[in-house]
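Here chain A shows up in two complexes: once beside chain B, once beside chain C.
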Partner chain A sequence: MATAPAPVTVAGTVAMTRRRRLARTARRVGYYLLVILVCAVTFSPIYWMIVTTIRPVTANLRFPPQLWPTAIDLSAFRALFDHEPIEQWIWNSTLLSLMATLICVVLAVLGAYTLSSMRWRGRGAFAIFLLMTQMLPEALIIVPIFKIYRDLGLRESLPGLSLIDAAFVLPIGVWILKNMFDTIPKEVQEAARVDGAGPFRVLFQIVLPLTLPGLVAVGVVAFFYTWNEFLFAQSMIGDDGLKPASVGLASMISMLDTPIERLLAAGLIFAIPPVIFYVVMQRYVIAGITAGAVKG
Partner chain B sequence: MSTDETTRSTILRPKLNRRHLLKTGSAAAVAGAATIGAKRSPAFAAPAVLQGEQITLRYGTWFWYEPGRAEAWRYMIEQFHAAQNEIRIEESGAPFDEFTNNIIVQLQAGGLDDDLVQTTPDLVLRLLRAGQLASLQDVIDSLGITTLSPAHDYITVDGQVHGLDVVTVVFGLLYNAQLFEDEGITTLPASVEEWVEVSQALTSRPDQFGMYSAHLTSEPESFWFQLQEWAMPFDGVWANEAGPQVNSEPIINAVSLFKTFYDTTFPQGSDDSTATRQWGDGQIAQQLIVSAAVNVYRTSAPELYPHIRSYSLPWESKRSIARIHPITVNANGANVDAAKEFVKFLYTPENYRELLTRQLDVIPAYDVGGLDEYFSDLPWLTGYEDISPTTPPDIMGDFIFNNQEFGQIVINRVTEVLTADRPVEEAMAQAQQELEELGGRLGL
Partner chain C sequence: MTTRAETMTATAVDRALEGQRRRRLPWLLPYLLALPIIAYEGVFILYPIYQGLRSSFFRQQIGMPEEWAGLANYERLLGDTAFWGVMGTTIIYMVAVIAAAIGVGLGSALVLNRAFRGRTLARAMMTMPWSFPDVPTVLVFLWILNPSFGVINVFARLLPWIEENPTWLLDPRLAFVSVVGITAWKGFPFYSLVILAALQTVPSELLEAAKIDGASPRQAFFAVTLPAISPTLLLLTVLAAIFSFKQFTLIWLLTGGGPSGATETIVVRIYSTAFRFYDFSYAAALGVAGFLLALTVSLVFLAVQRRQDMEAG
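And now, the complex of A and B:
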């Protein structure tokens, strides 16, 4: 005997709608709480840097620490520009990063295109081998690279240093671009070849315009890596006039007397160029990384 | 026996006569006053003029990054430049925490970059063993110096000294006399127990801390550098000819004492630079630290400087680590003779006195004389005067060649004691095992 369905009343519908609305609101609140939590964790060190640099030095030694500055003192920035060649460091880092980015993007394009569009023996093994180079930590290979650079007279040179930085990012750049190039239908490239285009023309006129976000993504990765790189820069560059910012900042740290607020002020300034670079390139980066990640 | 082993044993054999180190310093003052006179020469002694084109020497050191010391060295180099035209000195190097690593990378890549290399007590041995250092005996002989501190014995091979100390530092107990007075402490500690008691009485967290010593793994160099001294109250050694000794009773006692101080008196989590600020701000009462630190404090904490004092180490042996920092000449460089000229300039008595006083150092490397007046103007010096110095090779054995690696293992385990309350015996037993494995890998 079949059971008759329960009658749907207006009050029941209203209650169900309210429950759904409540559940939706709860999910949304939970979502925003999670976002706030992640933002808090991410931004708290930056907030702390800012607070430490703009409050009086004596306040930095108080416990419990002041989360909100009660007085503003910008002397850390004044002292920074008076005592340290921060402009020179930032300029050197910018030059270095742009050079490494350019080298990396150019070589990654050629490498990725070779892996993606050309058929040759050992192609797969070579691609894996490229990735394996990423598994070697810098500290492990610093000595041989240092020796090679000394023998070649490439030390104390920003172009020389940019080669190492580019070399370190190149494998990941090749893989990002290879995955992007793989998403372009072969028929498009074949059609161009049928029309008489050579491989370079196909690359520059067909493939690259369609994968611009990938190029930008590789550029951003290379720029960020080079901007932050320390070990090679510190080992290869001793000339004060050539020091990039990562090394310059470290030189402010001494055993007994590191001016924390000045160091953090330098850190803030150090962070600005990459942030601007990223904001400008952001939409390409996301498109590039996601497009490269999905095939088919 | 391998070549390495032969060299190592040759280098280590002539041990420092511990009683001599500071006695040399005090004798220097007395003898100097009698022979040379207390008045400082107004003019600098010029080096012998070299023939030919101008030579630029690179002097690699971390001194350029140290307040007070950097100014002293730049002043000396200015004087050297003013005294002659043939040789110019160019600054090179890196901050202390990166300096040794950089030199080791250079060494492993085939040789040193700089003509003059500043060294630490352990780095100088590495370079000596690697055959990178020129003999400086001719510098000493030409200046007629016969009273070079015995601290140089361990870098003297076949009668040839291979580095000349430009900074001798020795650990002592510095304290803020104002805080002691405010707390009503009139009797200074004379035993380890009293030291603990007084330090705890001076602690009122979070505003005031009775004691500070480096204790963060993020600062491995200074953590290990200072931790080694904590074995001195118990006459401990970290390693000897039998191998690592970190599970021995004196070292267990040392780590336990460090833990007691950490728990009850340290500003936990303060790094060196923060602690320096806290010290300057009157928040830290004492530090077990090298005499050279006072030079930094004079610059970074001028208000505190008049209140800095030291007291006699509160353990019977008065044993304390003295570290010489020899300037060395790259034997494989292109400018060995010119580099020696600079060293000779530095070691000329009037120049050496100028360097020592400008650095606010207190232990001359040879009988330089003329320092009575200077010493009498240093009220914080008293606690350093009766110290019985010992050297890093004395407490590290053959591991002195791998001091950093050794220290990294020790501080990792000590950190577990400090922050995870791991029993000292258990942590140091593990450290002992790891160090024995390290010794095995290094062939020690």
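And now, the complex of A and C:
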């Protein structure tokens, strides 16, 4: 009686563990399939862009297309630089974005400091004012902005364009920095003040050095908001020599004879800088865009 | 004695500090710091809004001076079936994008909310679509949806009832679906990352407790996880409404609002009224109508946010 059930139990346990292990493996495989699905949905358009750009033309102009490259041909990039003024576009975009970034960073530091470190009547109203401007669609004021720019002679000018771009990205800049400033313990600033430091010394010697990543994040967001911006650029700039890359690229769409791999090569060059910077600065940027309302 | 002396010194120090603080932080300073921003946004945002409002009461033709038109532009607006069609398209587009982007965002966040090999890589990938600029996004999707060579046709053809490549952006219904899909593709990873951050704050003890009590993963999700992240989901819904309402570049460059108005939202309509038909005063009136819609959505956002701030303490 006592000995008989023992082997049965052992065999049963072995069978059970095997079945359980199999179920666990199946679940893990299923889980990884889900992960792969998510990544595929996210990445496949970018993958396709890269594949189309780096393979020979003949591979692109056939249906059904092969889903992976079998030969590498980078001549699209050479043709791009030979046939389109892409250096000019990139240079214009860089200048434009630098100007907007400068304006945005300077003003955002002031705004974030007064929102984060000071208590004053009207602070809440100021915050709401910033939020409302952040919500405003650019297209709703394109008509009056266009008329104002025309009357002031600010059209066909990159500095003029950078002014309006900065106005739209500024609120996000303030939120990103305010979030960062809020992470500094109040006591640190208090202590400096007790030691006789004025508010600007506190800002420049204590707050800003501690929140450098936030400052960089604001720079990144402002730079690439302007870099990507299309509506204002398209409406204000008609001169070929002043076109920023977003407008230049869009103008390539309507040129029907542009080969697809050249078009996509241009798009890729334009997209790589923001993607790299955003991947690095992701954490700070997300918090700013959701206006710090998402806790944790 | 000592205690009293100590108290006295403490108050004296306090008073001295107070005085110092007052000297160091004049009451005017916060206003002076806020002023440049208020002035800047005043010139570039508020003044144009005022100008837009003003010119919606005027009539302007090219090369002619403006003349007072009273409510004529608004009368035209109310009787304009195209306008109501555009408003309808705008709202359906917003709802569709919100549902698609938040839905896929939530699903993918739940998938990624686990320790697994390659997690950092997956997160980096999630950052790519929303940091991918609009114009290159349009370029690649025009290619993917190309009726002759587009790769999407390979997959569409797998469906039994599709025998030839659909003309994606030329068929009204397909064009709308495509535009929604592309907007959602660009948007969902952002929501996913935010939801992922919120999921990390769900107390693990609660999930453990639910497990011990014999709750299935699904029950645990509905009883613990969902209530914990619902404030974030609500906020993201409003945020998605604002983002999709703002969307101009993708729609304009993909379809220009066509075919036959199937993808024409209010911002696209404003642009084409102004820069294709040069009807600036009517575009201004459309802008005011859009502004009212934007204001409503923003106020909802503020209300949601305020309630959450209060709940958070």
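Simple rule for what comes next: the second predicted complex is superposed on the first by the 220 of 296 C-alpha atoms of A that agree within 3 Å, B and C clash if a C-alpha of one lies under 4 Å from a C-alpha of the other, contacts with A are read in each partner's own complex, and residues count from 1 in each chain.
One rule holds for everything that comes next: contacts are C-beta pairs under 8 Å (C-beta built on N, C-alpha and C of every residue); 3 or more make two chains touch, one makes a residue touch a chain.
This structure is a prediction, so every number in the text was calculated from the model and none was measured.
Measured by the number of chain A residues touched, the leading partner among chain B and chain C is C. Contact with neither chain B nor chain C is seen for A:Val14 once the two complexes are overlaid on the shared chain.
Of the two partner chains placed by the overlay, only chain C lies in contact with A:Leu163; chain B stays clear of it. Of the two partner chains, neither chain B nor chain C is touched by A:Leu152.
In the superposition on chain A, contact is made by A:Ile142 with both chain B and chain C. When both complexes are overlaid on chain A, the residue A:Gly122 reaches chain C alone and has no touch with chain B.
In the superposition on chain A, A:Ser235 makes contact with both chain B and chain C.
Of the two partner chains, chain B and chain C are each touched by A:Asn60.
Contacts of A:Asp257 after superposition: chain B is touched, whereas chain C is not reached. In the superposed pair of complexes, A:Leu22 makes contact with neither chain B nor chain C.
Residues 60-61, 63-64, 142-144, 146-147, 235, 250, 253, 260 of chain A contact both chain B in one complex and chain C in the other.
Note for the complex: chain B touches chain A at residues 65-67, 91-98, 102, 105-106, 108-110, 113, 206-207, 221-222, 271-274, 276-278, 281, 283, 293, 296-297, 299-300. Chain A meets chain C in the complex at residues 31-32, 34-35, 38-39, 41-43, 45-46, 48-49, 52, 60-65, 67, 103, 107, 110-111, 113-114, 118-120, 122-123, 126, 128-133, 135-148, 163-164, 166-168, 170-171, 174, 193-194, 196-199, 224, 227-228, 230-231, 235, 246, 249-250, 253, 260, 263-264, 266-268, 270-271, 274-275, 277-279, 282, 286, 289-291, 293-296. Across the complex, chain A is touched by residues 17, 20-21, 24-25, 27, 29-31, 33-34, 36-38, 40-41, 43-45, 47-49, 51-52, 55, 104, 107-108, 111-112, 114, 116, 118, 122-144, 148-149, 151, 153-154, 157, 165, 185, 189-190, 193-194, 197-198, 200-201, 232, 235-236, 239, 242, 245-246, 248-249, 253, 267-268, 270-271, 274-275, 280, 283-284, 287, 290-291, 294-295, 297-298, 301-302, 305, 308-309, 312 of chain C.
Chain A makes touch with chain B in their complex at residues 57-58, 60-61, 63-64, 142-144, 146-147, 150, 234-235, 238, 240, 250-251, 253-260.
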